[in-house]
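We just call them A, B, C and D in the order they show up, numbering each chain from 1.
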């Protein structure tokens, strides 16, 4: 997908998720990698309900703003995006969400979320049946981005379902394109909503 | 209703249900039978928020794509649509939803959902009073479409309310037209939301 | 307000409440009384998401369609509207909703809902402080419209807050104009949502 | 921001929050202070779904309508806005909401709400880490505006997170501009929704 079109479609996704309450209080961030391998992340401090294709900034693989954006202070979490692009080179789009149910699940499950028997599990790339179980890592929250770098490197094999949750913080999900990244994020969100409701019974 | 108009109205319904969260992560599928008895099903892998009248494909009664669509791989669940059209020849529209409450109910009730005393029960064709009870079948989930064929044939008389739920998967609802199919789906969804909340007390 | 404008505004309200899930599966009905004292009710069987100013029919005080509408079969519940207009002659607009929380509350409270200490109680005409308690009648559901006539006549003084709930069915709310009727309906809905959540603790 | 633009943007915020159910039954009120230090508050009795930039009235620091608005009766709660502008002179925008979760939390926590370990806590100006705890005052409801004046003056230092909740009534949040006031209100709302769900476990 061409860069300009992807910017428009990702911005539309950002506004859509904002309308669902997934980026309360201007939080969350998003990124994509273009055909030249350049990483573009959402500018921080923008009201997500009004986010446009002009609100992305270009950063290098260490999260440092490049070119005309060199004067912009990026979100501290930009480094998490960079780490994911390094760990999974096929990744083209990364979405971050503060949607409620993964956050709630992360508050009561220590190291992973486990789902079994849901048809929607097949929304994760590589899952072909509801009969297997799916495990999604839960990481502690931290202000230290090196903590995430080490953690994600360490649990790399656990990230096969293309997402993880940071405790009482939110979800990161990614994919080979925007369509797949959205599918991974929405799959996790739906599974968390189901399980959260069921474990109350 | 003419085919072109029905395609437009069904596509609008698909987008509406997507906005309600009933087709998370590109899941679910929909179909109609036109005046010639041809079955048209929603193409799989399309983001339901952008589904249009051009996203239906023509299949035969065994779910095999026909004509110009012969090269398209249909959803495995296309066969469930075909089974319903065979079992209930008056059916013209079939809707499939992953809406939350029927899925939750199906996780805790083994073989059927039972509703009593709700005014909205009258949304099911043939129900004329809230004073009777309504039973909706719950089937186990399966990757084997023949399983559903046998199950549905076996419980045919239990399907009088024009819908059933697949465990931890979703709802199928149908009708003589789009208006009725929608009414059946929304009636079940509403009843499940009420009961789910009440059984927590 | 002139009849044509009121028809448009009430139709807009009907579509708004439908989008909130308050009229699932084509259910509910609405009415107003024009400057000549003529009663107009919503035509039944119309998808409320597409309800327009042309979907009202004129009925007499016994709910019998008049003039060009004589051939239309009105909803059985039209008589509830007529009873309310008779009991409370100042009433100009009546709204009926199947919104979730009043229905849930009616399933567990036998004859009335009681609210105390909520600021929003002042949304009911005549309530000037949150320090008083508010009581809303709950009636059993019935297919017999004379039952409602007798019940409502009997509990007339209990209807000071301009609304009541029918068990596992829905809410009727009314007012001297559309603005007030909406305020009464939304006030009850909000209070029920709060209380339902609190009684679970 | 110029007055006319701010009026438009605040009116858009008011309509947005109404669509989220935060101002049921025409309740709530909003204000801003312009570059001349004049206070403008939302006119009461306006359906918030149709609130426009023309629905603000100018009041003095005692809440008395000025100029052409001298004939308008302001909301009793106008004085709460005036008190906040006096206590926190940097305040330019004040938002009031009846959103559900703060109201529910206020019904069970006596004098304050406490949040720990949430990333979103950083939405409050001055909070730089999720590792500290955040405390939000809960005040009893009252018809007496002097009660609020005394209470808020007394707990002034507790209001560092730029918001408080009135029991079974709603939230007040403010900021140096509309962007910050929204962030404070949405941060509290999100934290309350999380905690409310977690304390049920």
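Rule of thumb we're sticking to: contacts are C-beta pairs under 8 Å (C-beta built on N, C-alpha and C of every residue); 3 or more make two chains touch, one makes a residue touch a chain.
Just so you know, these numbers come straight off a predicted model, no measurement behind them.
Any chain bridging chain A and chain B, meaning touching each of them, is missing here; the list is empty.
Rotation angle for the C-alpha superposition of chain A on chain D: 90 degrees, rounded in steps of 5.
Among the other chains, A has the CA centre that is most remote from the centre of chain C.
At the interface between chain C and chain D, two copies of one sequence, fewer than half of the residue numbers in use appear on both sides, so the contact is built from largely different positions. Once the centre of each chain is set as its mean CA position, chain B and chain C turn out to be 31 Å apart. A straight line joining the Cα centres of chain A and chain C is 44 Å long.
In chain B, 200 are the positions where the chain touches two or more neighbouring chains simultaneously. Chain contact topology: the protein chains form a single closed ring, every chain touching exactly two others. If you check each pair of chains against the touch rule, the ones that pass are A-B, A-D, B-C, C-D. Note for the complex: chain C touches chain D at residues 16, 117-120, 123, 129-131, 179, 182-184, 186-187, 189-190, 193-194, 197-198, 200-201. Of all residues in chain D, only 21, 24-27, 47, 49, 98, 100, 103-104, 107-108, 141, 143, 166-170, 196, 199-200 touch chain C in the complex they form.
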